[in-house]
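Two complexes come next, and they have one chain in common, chain A, joined by chain B in the first and chain C in the second.
Coming up: the complex of A and B.
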């Protein structure tokens, strides 16, 4: 118990008193538990923004905790900046991040497999190969699943013709190929869902990046964004940015103007709206209704909404003991479903778990989020929020969006900050920029 | 009267106590008491559905359904909707008829803050049903869509009915009118109150017969949206009419055809 400058219990107290961030900034580490067994076994399912972060930070806070990360892919390709790839501003390869540093530098054990089932009573996770892992604490960060068929006609097969590209990978490539094959003068249609969904500004950045590609390659083309909502993230900034950069190429139709799509015909690339208008696309991009990844449902942590409610302080599930849920799979409103939030939640939950395993109170949580959106090369906008707990609920403590009347230099700086943000967050999450 | 309400509300408290902390004072729900009129409502036959959490309080989808044969002798005569913590809790009162075939309506409502939404239904035989839902709102209804109302399409109305009906079988009709539903409580950029402007009535009829009539209040979202059922027994025309307090109106007709 005395290897470090301070003992474990003192370190944990310090983490609690100061918040995890300052403690780490001071270079602090919690000394390992007494020689012998680990200080606890944690299994993390999902190696995206939330899962990779929580795995790494548990080891940073207390290397004596045994951490196993379950993730099928050897490289995680991020949704953030996948719109920039579609717009021709970023390489696809640069979106991929591996797990080498989590293993070699932090001592996380990474198992490349799919978690198939959770036994909450027996405290095990079953993997696709049939093996089981035991845990004292389980963290689920599986991201989203598509609700296939919830939007009539939008099935797995339909997504091969009308891609969603809302999980980065083959779907992103398919959409890019379709854009490249599209005729000049064609119509790109994006169908946007009602709340809640992954990345609230995502559909609006997506059409901007598609416009950036079309502007230089197929300038006679049109973009139609059919929306199931009347309000969206950074609405004024997007509408203004689209007009300044792309004239009238992008048309947005909100719900009250008959923008809600109720049926998709992927074979004919047609969509039908609530009041019966049919629109025909050259390329059809459907962002469909979503819910928590299936393993969250298997574990029993989701409610009727399809998402997982969480205890605000720790992101522990109020439904299943010993299980924590972070990232897009949670209902953590007003926090958005963003990579930045998943990363912030990963850190807070890492501190909560380390404290819990040591039998002490965790720190008072606070989370931050910034969502940058790139509207055009050298034209960025953002929304930021700081979240804390008020009267037992997560609340936005402060926040705001970029000024409406900012000059070109301001927008250019925000576009640069976006790139810097991406490098920093991927470095912080996976350690591979 | 107070006692019956207390029975209704205390039962609900078990379901979602945390959201209900900060309960509105009893007098706030006077509107509910008036509708109950001293009767003890029954739960179970009425189902109110809203999302548990809403990220946009300006338009929260609401569906209410009552188990009822909707026959001439036994039908739901009215459904009353309330958002108990809004400045004015009344959302809407919907008058139903057996012609609807199904006692189910959907709309979108404004919720100023996290609160309880209540639905009360009365049958023609005098039975009273009630249900309630807690909704957590993370962006208040009054914050969104400040100056964005697009006046180009003011009073533009839309109706959609199924292409074919089976005689006497209910089919769902969707209606919407572009309208700001100004509450009269909101200030513009100069700090002056924006005058109240409300579509206060929506009525649907087939021929001379009224199928459904709704009184709308300030807690209905901008661009009032209403879905309801109609069960035509012969080919005909559905007429939907919207009336503004100021006297303006809009009318849309949609043909109802049997298979």
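Coming up: the complex of A and C.
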């Protein structure tokens, strides 16, 4: 190590403390770094679970790599635990995480802007303000976009009356307000989509948390979950947990019992199913079909499915050289679209990029996942898995769900671990637990 | 030497004014153990330092950590998720990860732990 290196690091730190200003020099191009130049320039788009993690871990693996993170929000509000907020078990403010530690401790440059376009040949990203950032490697972790209109009647305007609350923020507040305004004895309807979608256990935890709220505030109410699938994540555990905690308050209707919703009328709060049954809601929560965030489509990394295929070892795009995609935007089955997986993918891809920039082979990857779901206060369940590569494909090496016959103490521990997990992963991702 | 140990050496060398060839200019490229250990951070916090209902890993003796991981893998030790996760690694990997965390300081020097 040379002193020059420390000086450059301190300089970068100072630049970070001053904000992104010095980074966007005249002409909008990043100036080459002083003192020997950086080990490479990486731009990361999206400061959620995947993006914040990959930015931090590139810096941890090699501080000499320049990392710029592009994210419009000053605070990222997480979807994980937003169901617990709806259930009255967690504060909304505690879901928000900022970027201060990425800047001050790890030397990541954070630019609060939206990435509008990617020029893969010129290796630049254009920001909403018109500036461009140059990169040697680009990582996209933009999460999901809603496929507006794919479910008939479910438009942006409809979502103002029948919220999805599948991206945390104003939509979450809207749903909470509607729940609070709902009459006792009303019907809460949740419409669940077909696979693949963000957070496979999410709709089932959502109704449990809504039930937790209704049980103490509006106990005569009902919950109807209309599902486009016949099977769902942790199904046995959820069905059992709902019944034990909420009796018959929650009714789940699978696809083969005419559960698939084909049309939404948000003005009348009505939905119509495949075989023509109309259901009327007091509060209507539609989890609509999804696809990768738009910047992934702009960059050309998505295929006809709307998601981005990836090279299993590194999550490099097989379609666009120099670009990596992680998190919900990818097709990475059997890994689920979870915050845990996005974080784990961020680490493997950070290692792959650092190795690649150094001209060596990256390590054999290993990813993990644990999705806790809180069914009721003191009643948690989980699905866990470790993933690796076998014969060129991502496979689950080990894993499973909580035992069906676990006792109350086991469920209580998993509820506690869910909270501990949330605090740990947000510390690990943003450093703001 | 894992990444976080490298980082500590790098900082320490800076404090001692050691330069030039005494310490390599670039860290070793991250290996599979670095990646597996990083994955533990998802529940145990970065470097396994997060203190909560889920126990921290940093600075615990390698033998103790390895014995616990092996027990989890067998389904012993009253696991909730750790039996399902430990089965995803070879014994050599578990041993290497145990060694990794045993060498991590319980809190980063000069830095108050969150």
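As a convention for this text, the second predicted complex is superposed on the first by the 398 of 433 C-alpha atoms of A that agree within 3 Å, B and C clash if a C-alpha of one lies under 4 Å from a C-alpha of the other, contacts with A are read in each partner's own complex, and residues count from 1 in each chain.
We adopt the following convention: a residue touches a chain if its C-beta (ideal position, glycine included) is under 8 Å from a C-beta of that chain, and two chains touch if they have at least 3 such contacts.
The model shown is predicted, which means the values in this text are computed figures rather than measured ones.
Participant: Hey, is it chain B or chain C that touches more of chain A?
Facilitator: C
Participant: Could you tell me if A:274 is touching chain B, chain C, both of them or neither one (first, second, both, neither)?
Facilitator: Only chain B is touched by A:274; chain C is not.
Participant: Name the contact category of A:388: first (chain B only), second (chain C only), both, or neither.
Facilitator: second
Participant: Which partner does A:130 reach: the first (chain B), the second (chain C), both, or neither?
Facilitator: In the superposition, A:130 contacts neither chain B nor chain C.
Participant: Please work out whether A:348 is in contact with chain B alone, chain C alone, both, or neither, and reply first, second, both or neither.
Facilitator: Touch partner of A:348: chain C, not chain B.
Participant: If you lay the two complexes on top of each other, which residues of chain A touch chain B in one and chain C in the other?
Facilitator: none
Participant: Write out the stretch or stretches of chain B touching chain A in their complex.
Facilitator: It is residues 18, 21-22, 51-56, 58-59, 136, 138-139, 144-145, 148, 150, 153, 158-160, 174, 176, 178, 222-223, 225 of chain B that touch chain A.
Participant: Could you list, by residue number, the parts of chain A that touch chain C in their complex?
Facilitator: Answer in residue numbers: 1-3, 5-6, 39, 57, 60-64, 340, 343-344, 347-348, 350-351, 354-355, 358, 360, 362-368, 370, 382, 384-388, 397-400, 402, 410, 413-414, 416-417, 419-421, 423-425, 427-428, 431, 433.
Participant: Provide the residue numbers of chain C that touch chain A in the complex, in ascending order.
Facilitator: 3-4, 7, 10, 13-14, 17-20, 22-27, 29-32, 34-36, 38-39, 41-46, 50, 52-54, 80-81, 84-89, 114
Participant: What residues on chain A touch chain B, complex-wise?
Facilitator: It comes out as residues 195-196, 229-231, 235, 255-258, 274-276, 303-305, 331, 333-334, 391-393, 396.
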